[in-house]
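Next come two complexes, and both contain chain A; in the first it sits with chain B, in the second with chain C.
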Partner chain A sequence: MSKNIFLYSAILIFGLIAPFVFPAFKVQLSILCVLIVLATTWNIQGGEMGYNTFGNILFYGLGMYLCASVQVGMFFPLAEWTESGGEKTFVHTPAQFFQGMAVGLVVAAVVPTIVAGLIGYAILGLRGHYFAICTLGLGVAAGEISGGIEIIGAGQGFTTPPFPEVGGLEARGEFFYFLSFGALILTFVAVRAIYSTRFRLILNAIRDNEDKAEAMGIETMKYKIIGWMVSAFFCGLAGGIMGGLVGYIDSTDVAFDGREMGVFMVLMAILGGKGTLWGPVIGATVFHIFKEGFWTFFLGWQYVALGVLIVVIVIYFPEGIMGWLREKYPEKFGEVIDEKDRKAQVELK
Partner chain B sequence: MKITRIILSFISAVVILFSTSVVSFAKVVGDKIVLGAAISLTGKYSSNGVHTQNGYNMAVDRINSMGGVKVGGKTYKFEIIYYDDESNPKRAAQLAERLISQDGVEFMLGPYSSGLTKAIAPVTEKYGVPMVEANGASRSLFTKGYKYLFAVLAPANLYLDVAIDLAVEKNNGKPVTVAMAFEQDAFSQDVRLGVLDAIKRTGSKKVIDDKLPKELNDMAATLVKVKQMKPDVLVVSGHTKGALTAIRQIAEMKVDVPMLAMTHCDAAKLSKQHGKNSQYALCASQWHKTLTYKDNFFKDGMKYAADFEKEFGYDPPYQSAESSAALLVFKDAFERANSFDQKKVRDALAATNMQTFYGNIKFAEGGQNVDKPMVLFQVMCDGSGKCENKVVAPTKWASAKLIHPIPKWSER
Partner chain C sequence: MDFMVFQYPMITVQACLDGLLLGILFALIAYGMALQWGVMNIINIAQGDLVILGGYIAYFMYLYGIHPAWGVIVSPIIMYFIGVGIYKLVINKVVDRDLFISILATFGISILFMQLMNFAFGADVVLANSGYGTTMLFDNNVTLPNSKIFSAVISIVFAIGLVIYMKKSKLGRAIRATAQNSRAAKILGVDTEKVYAATFGINAALCGVAGALISITFTIHPYMGLPYTIRSFMIVIVAGLGNLPGVAMSGMGLGVFEEFADYILGTEFRIGAVFLLLVLILVYRRFKLSRKREYLK
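Take a look at the complex of A and B:
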């Protein structure tokens, strides 16, 4: 266990000093934290429970709009803020900004959780492809609907409150970095705690054979809904932070960005290895670095590279990086081959 | 746990990667002035993104080959770092941050579209980086009190209100009925606000007010309504795709409407792609090659169009022209500031008062260009089916007379 503590404190220390060691990369690091949160929470459904959802982007977008709306609405009339593409200008004082952000983030986390409970009750009875298609529709519909709601800016988008002038140039980046890093730690600790309980076993039972799990007396529906609500909580939180970080919310391109974020979270979890605790973390990190690298050095080819990456993952690493490592070095994962048993089996043949 | 070691080595690899990839450019390296730009090279704005990039490149080459920028007795050349923002505001904001804090860029050129400019402006503003942008027309960009944002173009609400005035004029001063279809996007919705103002001003009536989805590929539902309601004017705006979709479906469905007003006809190369089907479409434009503005670098619109065609193989849409103009503005400001200090350059930009081949440029307090009117052109075809865009309004620049009303499809 001592090694574990060593690992976690190393990561924590890296996380805490990173924005000061690599000040120019603060935004990228913040986004990385958000990506890890999204991949980790997707993994609860896609990896542990075997329900491939494309709907988590719904909670992310919802959180984004909610956080910004609350932050504005607490102090100014929201309708005037967004009217005519945000022509009128209101300025938050630093106290208003941070209070608004704090309340906004709570709302951004709680409301999507409730929504997940309600929607989950309605659609988690669907299985396999049907569930995937249904959730895909949810994300797309949310994008189109929010693009028509005037009070949140409709098609003209929603400019979130600008960061107040406190603490110099780097303050904004540092604030959002530590916010997203905090969200990452919170998510990771929570998910790790959940995975160490019976809950994970139940999710795995649902994945492996839902009917059998039900036959064994597990109320699968209840656990499926709870699992989704946990994801929604952290997705909403991540969305709220991301909205403030980007500074401008567009219905389909930033908030309900199913085409990018919605697909990326699946991709990252699969790349790292779904159904593992560390897989999504590693997957998101590798993916982010890969993508940023291609953006810089192979401008115009990044999507081709992304396509190649997907093909390579599917063909060579269907179990993800963690799965591949596990197969290659089973002993490092605590798997022991019983020599006697193996020999016995060989002799049988 | 054995896996710990794998993860640890992985983390150290990440650290090494990050620390080695810190490449720093400076704003002025040797004899180069480095400008940064996030451009939509992929995604829904990619065609206009390329028009923008071509416009920038054209001006950079021209200014560099004609002696560059003279600051403090030394000659400098322009260079642009491009990134692809994928037509996504989130990405654009991130790239602006990256250009400024990682690449050390101290002067920026704008992206394509109002939405992306809205996402980038807060970032450039925060760092005090002067940005001359040529493709963000949304009115709300200029009411935010941004100090470092300068737009060489007229704001979006002025695009099509002229068309309504024109329709009223042709209706003997009597109010008209207007059908509107606008994409759900910052720019198009701003054009809508302008049209709404004009409708109110002239006492006209809107009979259809549809919002169209992004990635506009079908507007048949709106056109069915237009066929039923028979409005005097149909106004459509949705960037390049909106223009293409409108023309295609209006021709397919044989929709008769006395006046069809749009945006982005030249960027969509309508007259080339749809030929006679696009005839009579009335288009808002920031610039047209027949306008008689002049400067020392491109001479005038006709010369610019010819040079551009030679270089890139197509007639320049106004998106390219205004992008080229942005560089001329920067050059002028650098030379007047005679310094690379961001504040001084900003003040010089604010005091800009010049003529370019693209039009007069003078910035208002909010950063928009107030010295350049919009023009309307109409697609006109001759007997052989060759189509051309001809300016019909305002009268000062008109090179042809407006054809109104549009002949019915059955009579064409």
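Take a look at the complex of A and C:
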């Protein structure tokens, strides 16, 4: 336990000083935090519950639009704001900006949770690939429909309020970094707390055999919906932060971007290792470093690289980094292995 | 919102005809989807991208001065080999695995194809002009491009040809045997690996035909693939696996639905309506099935 405390405090301290040590990477670090949040929440569905969803992007995009809309709509007429596009006819004062952001983030987290609860009963009754395709359809439909709604900018996009200068101090990067880092800490602590309860065992039971779990007297539907609501809460929060960070919301390219973010979260969780607490964190970090490090070499070829990456990871590396480590060092994961048995198995192979 | 549809009956007739002809094309793609789903238990997200690739083959023939209708012959031949290639490289490694793995792997292929086509052919919306002219019906109130009639006829010919092939030929019988029970088929001497490759190739060839027809009748664009996948998936689950008349019927039904959604909601919501319909159908199916389960109790 004491080892873990050192690890956690080291990460916390690194997180707190990182924007000052590496000022050039502030935005990248903030995006990393958001990616970790998304991968961790996807893991609740895909890893622990066995419901592989492409639809968490729905909550992410919803949160993004809601946060920006609330932030603008609290003080200015929303329709005129979006109509004016990037023109800064309305300027938020610092107080208005932070108030709007705070309320917006709350809305961005709460409304997707409610939406998840409402549609959960219908959608989570689907099994396996039906669920996967249904959620894929949901994400794309949301993108297409939001691209046709005038008040949130339709096809031309939605510019989020620019960060106000407080006394000539440019602190936009730090603000969004600490916001996303805070969201990351919140998510990690919450998910860790959830995983240490009976709830995780119930989710795992659903993953391993849902009918049997139901026969054992677990109200599977209730827990599935709660699990999805937890995911939706943090996805919405991450979306709201990401909207402010990017500064521009487009329906299919930023918010409901099933081709990028929607796949990224699945890929990161699988890369790190499904069904583990640390897997998505490691996966997101490795993926983000790889993406930022090599994307520039593939200029224009990013999606080709992404497609190849998906195929390679899925085919050759489905257990992920954590799964590989577990295979290699089972003792570290608290698994007691009979040495004779292990040798016999190795010989069999 | 535009309720012209209900005030002018001719628009209704137009939408129905357009939808039926479009739906036959969808049914052809869905037939390929049903084939590989039934035989290999794989849902191919890249289905729509194969369609678009087939369309680009016909478009290129058009660019080089060959009549694009020949694409109906050339495109399936090229696509067959592309399909077999994809099978050998990727699909044979995911056939026996979890369904989600195959969905994700084909999603990767889909992204790859999308972008490669974007590089190779540019991001413009293109169509291959067949120069077939149009037919006017009902006192010139309903216009019907001859290319649409041509595409519907060709699709029906290919579908019937494939059904006969599956019934009569040796490979067709091997495919059906593998679909019923792959282990038993293997014991009886069917090379299932070869059957899988052929199935995927035939599916790709069907996509090639459909794509060539789409490039003649409608337009193609590198990023337009996913909606075709979703449509064929929807048609297959509505019809049920192995129900070919059902596939044709639900394909045409979907075509008509789309045309009406286009008229009533507006073109910008057309794709959104398709995807929402998919969600609604799946949810409806879930409640129907859960009611059945309650009877069993």
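Quick notes
In the analysis below, the second predicted complex is superposed on the first by the 312 of 349 C-alpha atoms of A that agree within 3 Å, B and C clash if a C-alpha of one lies under 4 Å from a C-alpha of the other, contacts with A are read in each partner's own complex, and residues count from 1 in each chain.
FYI, contacts are C-beta pairs under 8 Å (C-beta built on N, C-alpha and C of every residue); 3 or more make two chains touch, one makes a residue touch a chain.
Given the structure is predicted, the values throughout are model-derived calculations rather than measurements.
Of the two partners chain B and chain C, more chain A residues are in touch with B. Once the two complexes are laid over each other on the shared chain, residue contacts for A:144 go to chain B and to chain C alike.
Once the two complexes are overlaid on the shared chain, A:303 sits against chain B and chain C alike. In the superposed pair of complexes, A:315 makes contact with chain C only, with no contact to chain B. Look at A:215: by the touch rule set out above, it reaches neither chain B nor chain C.
When both complexes are overlaid on chain A, the residue A:7 reaches chain B alone and has no touch with chain C. With both structures placed on the common chain, the touch criterion links A:126 to chain C but leaves chain B unconnected. Contacts of A:25 after superposition: chain B is touched, whereas chain C is not reached. Chain A uses residues 144, 147-148, 155, 300, 303 to touch chain B in one structure and chain C in the other. Within the complex formed with chain C, the chain A residues making contact are 52, 122-123, 125-126, 128-130, 132-134, 136-138, 140-141, 144-145, 147-148, 155, 259, 263, 266, 270, 300-301, 303-304, 306-311, 314-315, 318. Chain B meets chain A in the complex at residues 1-8, 10-11, 14-15, 17-19, 21-22, 41-42, 82-84, 87-90, 93-94, 97-98, 101-102, 115, 118-119, 122-123, 126-127, 138-140, 143-145, 182-186, 188-190, 193, 211, 213-214. Listing the residues of chain A that touch chain B in their complex gives 3-4, 6-7, 10-11, 14, 21-28, 31, 84-89, 144, 147-148, 154-157, 159, 162-163, 169, 172-173, 242, 246-248, 250-254, 257, 260, 278, 282, 285, 289, 293, 295-296, 299-300, 302-303, 325, 329, 331-334. Contact residues of chain C toward chain A in the complex are 43, 90, 93-94, 97, 99-101, 103-105, 107-116, 118-119, 226, 230, 233, 237, 266, 268-269, 271-272, 275-276, 278-279, 282-283, 285-287, 290.
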